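Written below as structure tokens is the structure these notes are about.
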């Protein structure tokens, strides 16, 4: 289903779409940050958002998790649908929504507690789980995040003692533990060294079979390496969205071309 | 997206602009050299000039050196710049084009070697009319292919592709008449065979020129037309042009 | 081999870069050579050294002064060793008790207010309001203790004595009414809730509290009449046998609490604001609401900082002199009643020192009290500061700058 070299019309179909963004606009303190974005994000694929700083890629990602709710001064139009449900509809439980849509941030942010407790955090929020079952889930989450072997002997040490790359994988494990359907990654490797970055990228590719991933990155090579679809945003607008293979060999628009090849626009 | 010949000089990194510019210049230099090789080889044959033919044969080393140099530059750009989109296509097209040019160079030296053996045989050489005719055609193709590469000219490239079919037809009929010559006069067989080799080499030059034109289409439009039907080509390449 | 190749490549580009960008000259004079950089100019160098030594001398002078105070106090209280233990305990224990009682009352009053304010401003208030409120609250610290003590002793104490019921009712009812306000807010229609957002609760709670105070002023005397049939003070005195002093622990607690709030607030707020927003967002992204994020992530992360804020506040409350002096009645009692006064060590020193003859036992005892105060504040402040700095570097390293 990925790019053949001829067609431009191999975009995800409606029925493969897990997350659909429909004419979504967002204003922050009266300033328009996103302009009527429309795109379908396919299930069990990695979709990357790229674009220059301040283009709104992170804002869009945070909007999917309704993190902009935390601010009184934002307003939005249009819809974001997760599996056909409008996330802004009034009877949506935001906590439940955020459990279904995990998010990983730029700087690793483990909580000031042990490795075990970090991964158990989301489970504890949901209520009591039998210790046996919780242990199983934690082992599974840490294994999925390719961290289990490195930390299994020190689960009860502070998470802040881990290296940056390990911390970021711990954060991913923490998110996986509540079994989200979508994982949003906001420049997850930009604070890490090259080897840790590769580990995170490998992890992203492996997680694809379990959930849908959306990645914001300013590293174009990273987007090219790990994503199946790429959206290029600029100044709050969606410029081009297509299969990564096509976008990085033969983009349709000059604007995209200039950005990904490092030309003066 | 379609690009033009200016678009490789607009990078934020001026160093990168310069590297791509040099790459194109070197390819064009190689193209010019190869074009001259073909022309000289044919001239040597038609004018019975064995000295010129020897020179052509020896100059092939220069072509090979240029080929190696361009390949190395491409490798370096791929490793250091990780080019994307049109930059990537430029580097790939240059790699492919330089290897086609190197093969054309080989064909030119093959013609020169056959020309040397023909001049040494002192026989009346038959079939030169066909050689002259086809060589005119092939040289035009090569020139046009290089021009289209230099100017990113799709229409010219398509013309080269279509010309190649003509050359193939002409090659077929020339071969038939050479076979007739051989049937008529058994003594001429060895010289006619040499001429056949020369015609064959010219036909190959035409094929490589055709390849060059295809690389131009890939470079400019991102379309790979290498194994597609020549009749629909114009529609796919130039129609999209207008949209 | 590859190395050689790449160096030639680099050499080329380096050469290119050098010819491309000549650094601009700073002055038109002859170009400086490496042998005499401008930093070696004698005049400037001398100035530099002078400034460095002045600063170093200042720092050492402060350290020396602190050390000298400690040694002096220790030396002057040595004769106490020769004294009768019982007499010493008898004279010191009411003072120590008074100090602790005053500090405890002040902390009871200040901690809920200061920590609550810190949590609210750091976690809930919009940044714009916060930048205005915070300096305002910190300015409270500039009000001299004398002024606070004066107002507490001469205005607040008599008023409270006259309106004891109202005061007690307010002490319970105001916090409770805030909870009521919260519940009412939740029951409000969504449209109204948007008009009165939680983040500006500080503004719309003011009229609410004013209303509650008026309500208490009107209702409390009625309730007093109806339930007790007489004045509460008389009731306490006659029925329960509780003495009520005009200047008592309650008044001291309020006044000194007021003085302690700014420093506790400022430090606690700093600690909470230093918690990287990424931590809170991380918790929320896992489905935690603000309250859970606050309790489970922000407070544990800022815990040491809040602890040091409380320690600093306690240190101030113990050492504070003027407020206790003016609002406590200065009666050296060993009583736990919030309605009775006390005399703290600091106040005792202030009152008795001028009259104590140097060398007398009273003099030595006062010096010993000063030594205790000095040691206590010194230890508390050092501890608090160490904890605070360690937390700060830890949070910074964790990506607080992001």
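For reference, chains read A, B and C in written order, and residue numbers begin at 1 within each chain.
The criterion applied here is as follows: a residue touches a chain if its C-beta (ideal position, glycine included) is under 8 Å from a C-beta of that chain, and two chains touch if they have at least 3 such contacts.
In this text the structure is predicted, and so the values were computed from the model without any measurement.
Asker: Select, from A-B and A-C, the pair of chains that is joined by more C-beta pairs in contact.
Answerer: Spelling it out, more C-beta pairs touch across A-C than across the other pair.
Asker: Select the chain whose centre, defined as the mean of its C-alpha atoms, is least distant from the mean of all protein C-alpha atoms.
Answerer: A
Asker: Distance from the CA centroid of subunit B to that of subunit C, rounded to the nearest Å?
Answerer: Centres of subunit B and subunit C (C-alpha means) sit 84 Å apart.
Asker: Give, as an integer number of Å, the spacing between the C-alpha centres of subunit B and subunit A.
Answerer: Here subunit A and subunit B have centroids separated by 49 Å.
Asker: Taking each chain's centre as its mean C-alpha position, how far apart are subunit A and subunit C in Å?
Answerer: 42
Asker: Along subunit A, where are the residues that touch subunit B in the complex?
Answerer: Subunit A reaches subunit B through residues 5-6, 220-221, 224, 248-254, 256-258, 260-264.
Asker: Can you list the residues on subunit B that touch subunit A in the complex?
Answerer: By the definition above, subunit B touches subunit A via 1, 3, 7, 10-13, 16, 82-89, 221-224.
Asker: Write out the stretch or stretches of subunit A touching subunit C in their complex.
Answerer: Residues of subunit A touching subunit C: 65, 67, 70, 72-73, 90, 94-96, 98-99, 102-103, 105-109, 111-113, 121-122, 125-126, 160, 171, 174-175, 178, 191.
Asker: Using the touch rule from the top, collect the residues of subunit C that touch subunit A in their complex.
Answerer: Against subunit A, the touching part of subunit C is residues 126, 190, 197, 199, 276, 278-279, 281-290, 292, 296-297, 300-301, 394, 398-399, 402.
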